[in-house]
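Structure provided below as structure tokens; questions to follow.
Note that the chains take the letters A, B, C, D, E and F in the order they are written out, and that residue 1 is the start of every chain.
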Amino acid sequence: MLKILLMTGDAGEAQEIYYAKYRLEEEGWQVHIAAPEKRAFLSVVHDFEPGFDTYTEKPGYRVEADLGLADVEPTSYDALVLPGGRAPEYLRNRPNAVAIVRHFVESGKPIAANCHGPLLLIVAGGVKGKTLTCYPDLEPDVRAAGAEFVNRDVVVDGTLVTVRGWPDNGPWMREFVRVLKGRAGAESTN
Amino acid sequence: MLKILLMTGDAGEAQEIYYAKYRLEEEGWQVHIAAPEKRAFLSVVHDFEPGFDTYTEKPGYRVEADLGLADVEPTSYDALVLPGGRAPEYLRNRPNAVAIVRHFVESGKPIAANCHGPLLLIVAGGVKGKTLTCYPDLEPDVRAAGAEFVNRDVVVDGTLVTVRGWPDNGPWMREFVRVLKGRAGAESTN
Amino acid sequence: MLKILLMTGDAGEAQEIYYAKYRLEEEGWQVHIAAPEKRAFLSVVHDFEPGFDTYTEKPGYRVEADLGLADVEPTSYDALVLPGGRAPEYLRNRPNAVAIVRHFVESGKPIAANCHGPLLLIVAGGVKGKTLTCYPDLEPDVRAAGAEFVNRDVVVDGTLVTVRGWPDNGPWMREFVRVLKGRAGAESTN
Amino acid sequence: MLKILLMTGDAGEAQEIYYAKYRLEEEGWQVHIAAPEKRAFLSVVHDFEPGFDTYTEKPGYRVEADLGLADVEPTSYDALVLPGGRAPEYLRNRPNAVAIVRHFVESGKPIAANCHGPLLLIVAGGVKGKTLTCYPDLEPDVRAAGAEFVNRDVVVDGTLVTVRGWPDNGPWMREFVRVLKGRAGAESTN
Amino acid sequence: MLKILLMTGDAGEAQEIYYAKYRLEEEGWQVHIAAPEKRAFLSVVHDFEPGFDTYTEKPGYRVEADLGLADVEPTSYDALVLPGGRAPEYLRNRPNAVAIVRHFVESGKPIAANCHGPLLLIVAGGVKGKTLTCYPDLEPDVRAAGAEFVNRDVVVDGTLVTVRGWPDNGPWMREFVRVLKGRAGAESTN
Amino acid sequence: MLKILLMTGDAGEAQEIYYAKYRLEEEGWQVHIAAPEKRAFLSVVHDFEPGFDTYTEKPGYRVEADLGLADVEPTSYDALVLPGGRAPEYLRNRPNAVAIVRHFVESGKPIAANCHGPLLLIVAGGVKGKTLTCYPDLEPDVRAAGAEFVNRDVVVDGTLVTVRGWPDNGPWMREFVRVLKGRAGAESTN
């Protein structure tokens, strides 16, 4: 059974958090949600409404964090999920969050990032030379970090699976499950 | 490629709609969302918050209906998805919605229902003698309709897959995909 | 002085609760609000807005419960009021709530129910063979319980007074007061 | 059958509008709601919540205006109802609204005012020398206008019936109905 | 360095509070926010939206009160700021608030009032014989108190600076700073 | 009279927009608000509330855009204001917005940026080698762009004036006005 870490917190995007959690649990894998502290936090609903030039934000679902960032042992997890929303913006300034992401980047373990999730990858040195997608308005950040941005529903580069937002949740998890199973298969044949 | 109909509308539960849609599309299947009219409608966020004796309701995500109820040809679909929220309460009083559900019930095609979704099954004669689950506060309605209610994360009775709410989205779709694949396999061997 | 019990709780409909309470108090009668616990709870505003296929829900007024369900002695009350909203859906699954309603049904004491309020009557065996009205989308539940549904502003069947929603608050209380006064008159003449 | 005019508009208090309307209709009387224009307007929910030093305001129920101020013929009505909320603050600056109120004041027809409703009476010259109550924070305005303020659930001074807010809706209408019936009786005996 | 008192509380208008505070601090002056109690309170957003006949109200910014009304020593301040919103309506009924305002009125110290702020001046006897402006719907209150109302972006009468609402924040503080500097200059030359 | 351009749009931060506009107008200067289109747009309230790990977002004030981006002639303005909120994130991906900012950067005209406003400067090549501040969670972006980040209430580097958020509105405009006046003085002496 794979163990997967999902890192988010207050203002994380509701559907991106819960789709990933339930989808990966469908496979029989264990998903732990890590947030700054082990408590219930509030996700947000990011949506697109006529007559507004960017996404709107409304209060979303409560989410129960399984553990706080200080209690995460990254080596005990096989993969990392980084949902979007506004959580990645502040998580990337918390050293323990960055150290956790860096573990997954450096060990080459699979990472799934959605929307603003790649902001966390950038500070952890995880996008340089990579091809990826993300919320399109982050293209300047991704390019500045040395990655190639592609505006497509899903981009798989090695073990990194990225999408643009929750409307791409399907391709996101379809490819991430494929990567995780492929890896599990490869390992079991060794 | 399977074609699947998802019936909901204003006040349908946000996560139950989108999880089913994206999850089934992951399999390469086509999902059509039918609502009273072909337009964007507003889903709701049903959640559980401390100090409130039932679920809370907040505005959710916009959802684009692919077609209105009047334009649904049920025979062209292989399966039916009935998300919850407050949409099933009024859909069950629209004769064309009931006729559509009845087609799936009578033809034995797979049906996935979540939370308040079984309200639509009841009026279409689809639960008598069945074992199922649903939002637990609907137990009296289910029993009155001649079904056995079980409070469990997911119940599969033949081709009917039912769960209690969006926190059971994972088991819901895991079993529904299994049913749909099993059926597809059975048919292809015939 | 009559003593009247009003049973509701979180998500009960705001106007249906307060109209009944203040209207009956106008007559010099005592109204006790019973909810799952003796505390302030939050009612909801159910309304109808253009472009939405069912009622909308917004946060309503705070309501102070006079007593919790566990402390209700139904025999000390002369009549029962069941406002609507979403409270009846969960109250009907609480055995002490059902037992309370059953007392009024079996003793033939007057009952006023509004909108979703009849859901509580159904589980307490109080509608079989009766003619009543309620929120029209509940027609299937009422029929399944053996009652005749009539879509009219107010229906009086013996001591049971039912209406469709808060827009019928006037006829609701007009008839309920008439029933209560008639009964009081009948009793005083005995 | 009495004809009663209820004057309010956007930001009028929800319960004060609807309680008066439905309560007076219970008596078989006709209630016309007049607002600046004949259209659906939005009432507000004024409530009291812990930790906030005054009433809170939330969006309330939609209300259908039967006629615009320009179309009101005050002589055709037997009585006037002035609910509170924030509508009286701006209505008192519309000359046609003030002229309407003045008709009722000068003709001695019954007037029921709630909460901020007396603001309209003041500008129409209807409180000088009167004893009345209102939302207690308006005491300075009432005194400045030459009236005596009493902090009591309901005050009847001749044909003027005033209360402090929607929690006093019961006494408000109980006394107003009494005044109207007394007057009708007096007139019929003449 | 001037010391300035700003008096408001829950439901004070957000922009009127913060514009005055930050603007006066720009000059190197000290601004103390006094509210009923020393705690964080919630301001409101008053705005104008199409299709609504008065201002709308939404939850605003949190504001930290520097001190409670009971702890204000008015003689230690050089000037007073009275933002609008709904706070002045209840503050004028608190004797300690009125006593504070009266000190500034009687000592002739500069006062800046915005929107509903002049309600506090009226009860403290600070407008009689003055010319001022305010939220235009308060014209009757101002006139009744013996002041002349002018509908203009800003009115300076001696050391009293008044405006109609936050859209006049610029002229409000421009003139108030001018008055304060002029006075400081006058005093230093004495 | 100086002419100043303020660039923002839907989801721009309410106080940062209006404080700058009114403050600069106090000086007798003309401020034009440019947004993607010339229409009323909706600002947001970004605030800090206990128990939430980042800023919260609520609907703010409506703002009237004086002109659309396509109609801006940057050479006709003396200075540029870039408020924060979520508007800079998408404005920086609109070529005409970037071209406008670049004009001010390259011509050395004064620029005031607040909170997320520097995101627009980065893509326009305006921060390399500069010292500045901004919303602290943007430190990685600023550093990646070759600027030095300082966490201080206001930073002035040549004609660039930056602050961290609306709580620093006072220092923001105090310094920006100083820069603008100094420049005007320098020019007038030439």
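By our rule, a contact is a pair of C-beta atoms (placed from the backbone, for glycine too) under 8 Å apart; a residue touches a chain by one contact, two chains touch by 3 or more.
All of these numbers come straight from a predicted model, not from anything done at the bench.
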(request) Could you tell me the least number of steps, going only between chains that touch, from subunit A to subunit E? (result) 2
(message) Same or different interface residues for subunit A and subunit F, judged by whether over half of the residue numbers are used by both?
(response) same
(message) Using mean CA coordinates as chain centres, what's the gap between subunit B and subunit D in Å?
(response) 49
(request) Express in whole angstrom the distance between the two chain centres, defined as the mean CA positions of subunit B and subunit C. (result) 31
(message) Roughly how far is subunit A from subunit D, centre to centre by C-alpha average, rounded to an integer in Å?
(response) 57
(request) Name the residues of subunit F that each touch 2 or more other chains. (result) none
(request) Report the topology of the inter-chain touch graph, choosing from line, ring, star, complete and other. (result) ring
(message) Counting contacts the way the document defines them, list the chains around the ring, subunit B then subunit C and the rest.
(response) B, C, D, E, F, A
(message) Quick check on the complex: what are the subunit E residues that touch subunit D?
(response) 9-11, 35-36, 41-42, 44, 52-54, 57, 86-87, 89-90, 92-93, 122-123, 136-141, 144-145
(request) Using the touch rule from the top, collect the residues of subunit F that touch subunit E in their complex. (result) 14-15, 18-19, 21-23, 25-26, 45, 47-49, 58-62, 166, 169-171, 173-174
